[in-house]
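Below is one structure, written out as structure tokens, with a few remarks after it.
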Amino acid sequence: MPLNEAQIEEIIDRALAEDLGIGDITTEALIHGKRRGTGLIVVKREGILAGIGVAKQVFHRVDQNLKVEILLEDGSRVKLGNKVAKVAGNVASILKAERVALNFLQRLSGVASETGRYVEGVEGLPVRIMDTRKTTPSLRDLEKYAVRVGGGENHRMNLGDGILIKDNHLAVLRRQGLSIKEIVARARQSAPQRLKVEVEVRTVPEALEAAEAGADIIMLDNMNLEDMRKAVKSVHGRALIEASGGITLDNVRAVAETGVNFISIGALTHSAKALDISLELEAE
Amino acid sequence: MPLNEAQIEEIIDRALAEDLGIGDITTEALIHGKRRGTGLIVVKREGILAGIGVAKQVFHRVDQNLKVEILLEDGSRVKLGNKVAKVAGNVASILKAERVALNFLQRLSGVASETGRYVEGVEGLPVRIMDTRKTTPSLRDLEKYAVRVGGGENHRMNLGDGILIKDNHLAVLRRQGLSIKEIVARARQSAPQRLKVEVEVRTVPEALEAAEAGADIIMLDNMNLEDMRKAVKSVHGRALIEASGGITLDNVRAVAETGVNFISIGALTHSAKALDISLELEAE
Amino acid sequence: MPLNEAQIEEIIDRALAEDLGIGDITTEALIHGKRRGTGLIVVKREGILAGIGVAKQVFHRVDQNLKVEILLEDGSRVKLGNKVAKVAGNVASILKAERVALNFLQRLSGVASETGRYVEGVEGLPVRIMDTRKTTPSLRDLEKYAVRVGGGENHRMNLGDGILIKDNHLAVLRRQGLSIKEIVARARQSAPQRLKVEVEVRTVPEALEAAEAGADIIMLDNMNLEDMRKAVKSVHGRALIEASGGITLDNVRAVAETGVNFISIGALTHSAKALDISLELEAE
Amino acid sequence: MPLNEAQIEEIIDRALAEDLGIGDITTEALIHGKRRGTGLIVVKREGILAGIGVAKQVFHRVDQNLKVEILLEDGSRVKLGNKVAKVAGNVASILKAERVALNFLQRLSGVASETGRYVEGVEGLPVRIMDTRKTTPSLRDLEKYAVRVGGGENHRMNLGDGILIKDNHLAVLRRQGLSIKEIVARARQSAPQRLKVEVEVRTVPEALEAAEAGADIIMLDNMNLEDMRKAVKSVHGRALIEASGGITLDNVRAVAETGVNFISIGALTHSAKALDISLELEAE
Amino acid sequence: MPLNEAQIEEIIDRALAEDLGIGDITTEALIHGKRRGTGLIVVKREGILAGIGVAKQVFHRVDQNLKVEILLEDGSRVKLGNKVAKVAGNVASILKAERVALNFLQRLSGVASETGRYVEGVEGLPVRIMDTRKTTPSLRDLEKYAVRVGGGENHRMNLGDGILIKDNHLAVLRRQGLSIKEIVARARQSAPQRLKVEVEVRTVPEALEAAEAGADIIMLDNMNLEDMRKAVKSVHGRALIEASGGITLDNVRAVAETGVNFISIGALTHSAKALDISLELEAE
Amino acid sequence: MPLNEAQIEEIIDRALAEDLGIGDITTEALIHGKRRGTGLIVVKREGILAGIGVAKQVFHRVDQNLKVEILLEDGSRVKLGNKVAKVAGNVASILKAERVALNFLQRLSGVASETGRYVEGVEGLPVRIMDTRKTTPSLRDLEKYAVRVGGGENHRMNLGDGILIKDNHLAVLRRQGLSIKEIVARARQSAPQRLKVEVEVRTVPEALEAAEAGADIIMLDNMNLEDMRKAVKSVHGRALIEASGGITLDNVRAVAETGVNFISIGALTHSAKALDISLELEAE
């Protein structure tokens, strides 16, 4: 699995603690502690599966004797009725783990599915769909993983792994009388050389100025299609170009057709609907 | 503030660790460490505000010398342009905290706003909108708080604080030949007396049987409007009734008009869109 | 096991860290690192066993190669000389885990045994023995589990899973001029509907007023036997009744005979004596 | 305060998380969020106070604006009616913190009080009352602190800070044919020189042998008074002597009069009754 | 301060827990709990100061009433006798915090000083001294911060924030028959576009091949000076060049003079000697 | 293994989190997720191996299916080319774990090797080489373990497990007019009896005074050889003697020959160079 088990274990443990409280009192009251059965995890909507490995880990964290068979791997396109995994063993354990396992699986699959819709929307065009730092607190790595599963690419993981000069930086620096050119130059000089320098601009002339100043990536913030096309043209390959802000499934293809290299979309992680997935239990 | 600071601090710290990495290298490279300024937190869409206290705590956790003035309290109905808080102090600190503060605020306000839309949809009717356990791993308490802010009521916090006999329990118990009546009776006997007993049913006769067996709450799972009305009628006040499954903004009022006491909706927490909120910085 | 392994593992790890420091320097200095042996866990006093699963987990957390055979399950009535488990493997590992394993086992068995004495004291009467929130910081779930093992029932797990209007609430609300009736009504209206409303009263008329106001449970605080009887009579089944305060093994049966439904006792968890249990090692 | 705030904060945070769940729903439902008042912490039984600093920290951890005035310091002898602290501020905050603050205070005062009773029992004799490692998991440092407050002295904090050759070590080593003399010699050689070597013995000749082998401290395990006297005599000051096992308030003075230097008692921490202490709230 | 307080607090708390155990028993035994005094932190060797903010935080974490006055900021060149800070307040608190505060300060100043020596060694040349991922487990961010304080630049923070194709990757990929050119091309295609691609080479032809394949940075691994010069010449500015392996203070200038852009040195963090710094206490 | 797995697991997890970030993006981009291979851990410099068990645990924490074969145990004297372990399995997992495993192994082996050099320097003399509390924050137990592996002995683990009256204590107490004799007497009286009392002195008369006052251990701080000899002579076996301060490989034998019992050296842990060790990967 592409994610580190030790790190995810901690997130899972917190989620279980949150969901279990003193334990599953309903199951304790009603079902014999030794009863065995099998749960099928079944998809209820069309989408892209992500997080099945995390779900498996949840079951094992509750009871390492549960036998989890993965039937569909992350990245699979799924639809109503698809069985993605089978969990066999103690019924009480399956019921304890059910909600947390599904909560991870539904959310991550939701993110992957939403990403997949955007990726599909730009099919055939030389552009990459990217996420942002607008992720759920404490789930960043998992959500960024789901974006990759959905065919997207990750933008910065955190503030420490990339230079991105944003509107608020520019607001401060311009007040000191600095031009975009001077700002980019300063960043190239002071920031770690191993990193590319990206700058956010709002107009075509700013994009040109940034390119001339040697920016590696230029983010066009909330620009209209016409201006994006002009920006692409005037930058003329001297820098990579990222479109950001106001992107929807309706306009993503048009944005891509302007010739930008990346399209970044906060909604991939902050507003994706969960993919409906459930567990159906059968006792032995 | 209705949430416990100590508990939230831990969630905030994890979110900051996740977002900061080694620190904000862009700001370090460009902006003088002593520069001061003011950030305004501004709403971009209509909705209900939730999480402003958490956002404030984020700023203080990064730098306790930041001065955060809350202009609108949680629960306020907000729209484009509303200023919800003002943060003054060290510019680098404001920029470090910005994304994490907004990530909390946008998500919680998204949940509160979505809840608010459902609550509004049933205005004037004697029914309560409830959440479920389909929450984001590690954010349950915060999201359930946001549901309350939005006018909703909380269903079970975790498996340990309520008896809810669900389809998977019934599947197991029926295989042993037990009727709903026997199952409810067993729950009333074995489970803690201080808790109400809720049972999920799929048909009107089952609802009736549950009521006669002394269930305190009966959950009608994915029932059509006609059957809901019948169930309400035949239960005749002997138990509270909850509708669940397939509820949307389009049908919520019709569901409420069947006479059910609660309507529970997973989408309040698992599929709410973030409310768009941003921070605008002005340097001194 | 009725408790969640992942949650308990964290408590065990803290207890081990606390007890091991740099490690068991005595054993390191004296006993060959590969020496093997068998430890018998033996009971020294009469009581009810609780926590054997936790003890087993302690041994495995120190050394997963230890072979732990459980001879008596939680809930067993034990007496001097009973062997409850056998631990075989590396001697140094057994000695490292010994104290922590016994500390859990002795305390939890102490709580279960104390609970058992009260349960026995009311044998044959239709009353339940309950715990309180007066538990050891960080061991609440385990101690409440031990209460259940001892035949008791759990009162609220935490402030968030039940409505209990206590003397201090009443003190504040009465100062605003509210009657018990108004207070109960307000609670029924504002608190989550899925929860029962309990209120603490000190006199028979208050109990009656609470019942009429629709309280689900009425707690009689430190009332004498005569008044308890009167309260039971005047409430007349409209609410469940809980006796609390000043309960001892000497008076518990008399209290039960007044007809109350529950008797809650803080001493089950805050003042139970540990059950004496030891580990006897035999080297190979 | 003699304990490290940072370490205790973590224990407090866990205890609060455990007790608060989603928050205090009763108080939220009934009492206005801005209501202010004053709580008096009042003692209900005779004993020695310990943990008032921890209790104060609990209140501050819930709400740093609470004003906590300590009226009686740790170590004070208290009795029914004594006021030990006054907490003023937000009523909801006081109620949220109440139970956890009292749980710490009652337990630690219980340990200090029990210790105090033993210390009093040997008043005037040149002997010290010591605790053991039989402490509550995760509360060791606090309980050992309470022992000191009660006038006792701490035995080993953990396995890594002292050499104590116990019965189980002897069982293993004797099977290899080693005498106590050889075992003590080996410990003196292999263990850190900065630490004293203590050995547990069961007979007078073993005590003598241990003294001659150069043990610094000799623990007499479950020995009768007569043998203790003989052991003290034959060791004749060459080592310190500790009595352990079966000590009660009834026999502690007799044990002390045998001339031993220490008496160690597991019950100080594993079986102390909580000291009854409560909080009385008065709204403004 | 350039580091995030919340993150560092956790590291400090662990370090304090590790150093305090039950608390400072020597000080408790000897010094009155209310005694006040002043400690001067004094440098004993020449070097560059780093970590004074962390040291300050340690004192405050132990006792927030200590008054810490910083006399010399991080980055100051210091020598024997320089006073870097003054700590005033409770003597017991100062003594509790002393060792941990100094442990941080000595190590970080050691790293900064070692870095400074290398930076000085290449003074006037257009080259940057960089660290590696060979840092102390759990102190990476702090040590990388110290490198910056010493005038160095940070290489990758972690495996997730940069593409660096190392010898072990090449070993695997070559076995599949891939050339460096193909490997670099694959990396440019599959890895996040926002990141530069760096590749490690051992010969001049490999360096040339990497440059032609479009690598952004080429690391010359353990190359001799002659080859480095040739590599710089043949790459001819198409990529940045990093020298790595076998760099010492004796050869660093010669390496720099070959024209490489970076020199990375594991010893900055894995083998720096602590800078000798002590605290001198004066009681009032 | 002499260290507790549960405790070390936590340190390893933090180190992995620190090094992995989102995961190993280079390997993900280039190497097939199912590729298998074998890594050899090879020593590059002469020294003493320590931490191979920790390294093994790192590999297993990243991927429990990796097969780690330990070829040389901790304590082995190693030199260039020695193979210490073999790791077989998934290539991506090996690469993820590599740096963290080596960082632990290099540092601990560095400490053991440095200790070994001092131990060798005093070979044949009746003296023990000891460490100090000048360890790396959060690695104390591991570093102290490495000291033992290198043949050294551990001084205090923390402030709570030994009485050591240092210069700063004396500075405070002398200001009250107390003599060393009075100070030692007070410590013997107030501190736990189970612990030895050590005191730091700077002159021969102070050493004599301390011995007469009954100190168990006397630390000679930065004394010259001549004075050390005199101190040894005048103490005349009444106390153990420890030399501290200014010890190097050049003078350690001369110091030992003065007759002191211990030599404590901060540099063992605060300034040991890492032992150069690498992993060489071969794909299948």
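Here the chain labels run A, B, C, D, E and F in written order, and each chain numbers its own residues starting at 1.
One rule holds for everything that comes next: a residue touches a chain if its C-beta (ideal position, glycine included) is under 8 Å from a C-beta of that chain, and two chains touch if they have at least 3 such contacts.
These figures come from a predicted structure and were not determined experimentally.
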item	value
Most distant chain from chain E by Cα centroid	C
Turn needed to bring chain D onto chain F - CA fit, degrees, nearest 5	180
Whole-Å gap between the CA centroids of chain B and chain E	44
Averaged-CA centre spacing for the pair chain E and chain C, given as whole angstrom	51
Geometric centre distance via CA averages, chain C-chain B, whole Å	31
In chain A, residues with contacts to at least two other chains	12, 20-23, 28, 96, 141, 154, 157-158, 160-162, 192, 195
Category of the chain touch graph - line, ring, star, complete, other	other
Chain-to-chain touches, reported pairwise for every pair that qualifies	A-B, A-C, A-E, A-F, B-C, B-D, B-E, C-D, C-F, D-E, D-F, E-F
In the complex with chain B, residue positions of chain A that touch it	11-12, 14-15, 18-31, 35, 37, 39, 91, 95-96, 98-100, 102-104, 106-107, 110, 133-141, 157-166, 168-169, 171-173, 175-176, 183, 186-187, 190-192, 195, 266-267, 270-274, 279-283
Parts of chain F lying in touch with chain A, wherever the complex brings them together	12-13, 16-17, 20-23, 28, 33, 61-64, 96
For the chain E and chain B complex, residues of the former touching the latter	2-7, 10, 141, 144-145, 154, 157-158, 161
Complex contact set, residues of chain F against chain D	128, 153-157, 160-162, 192-196, 198, 217, 240, 261-262
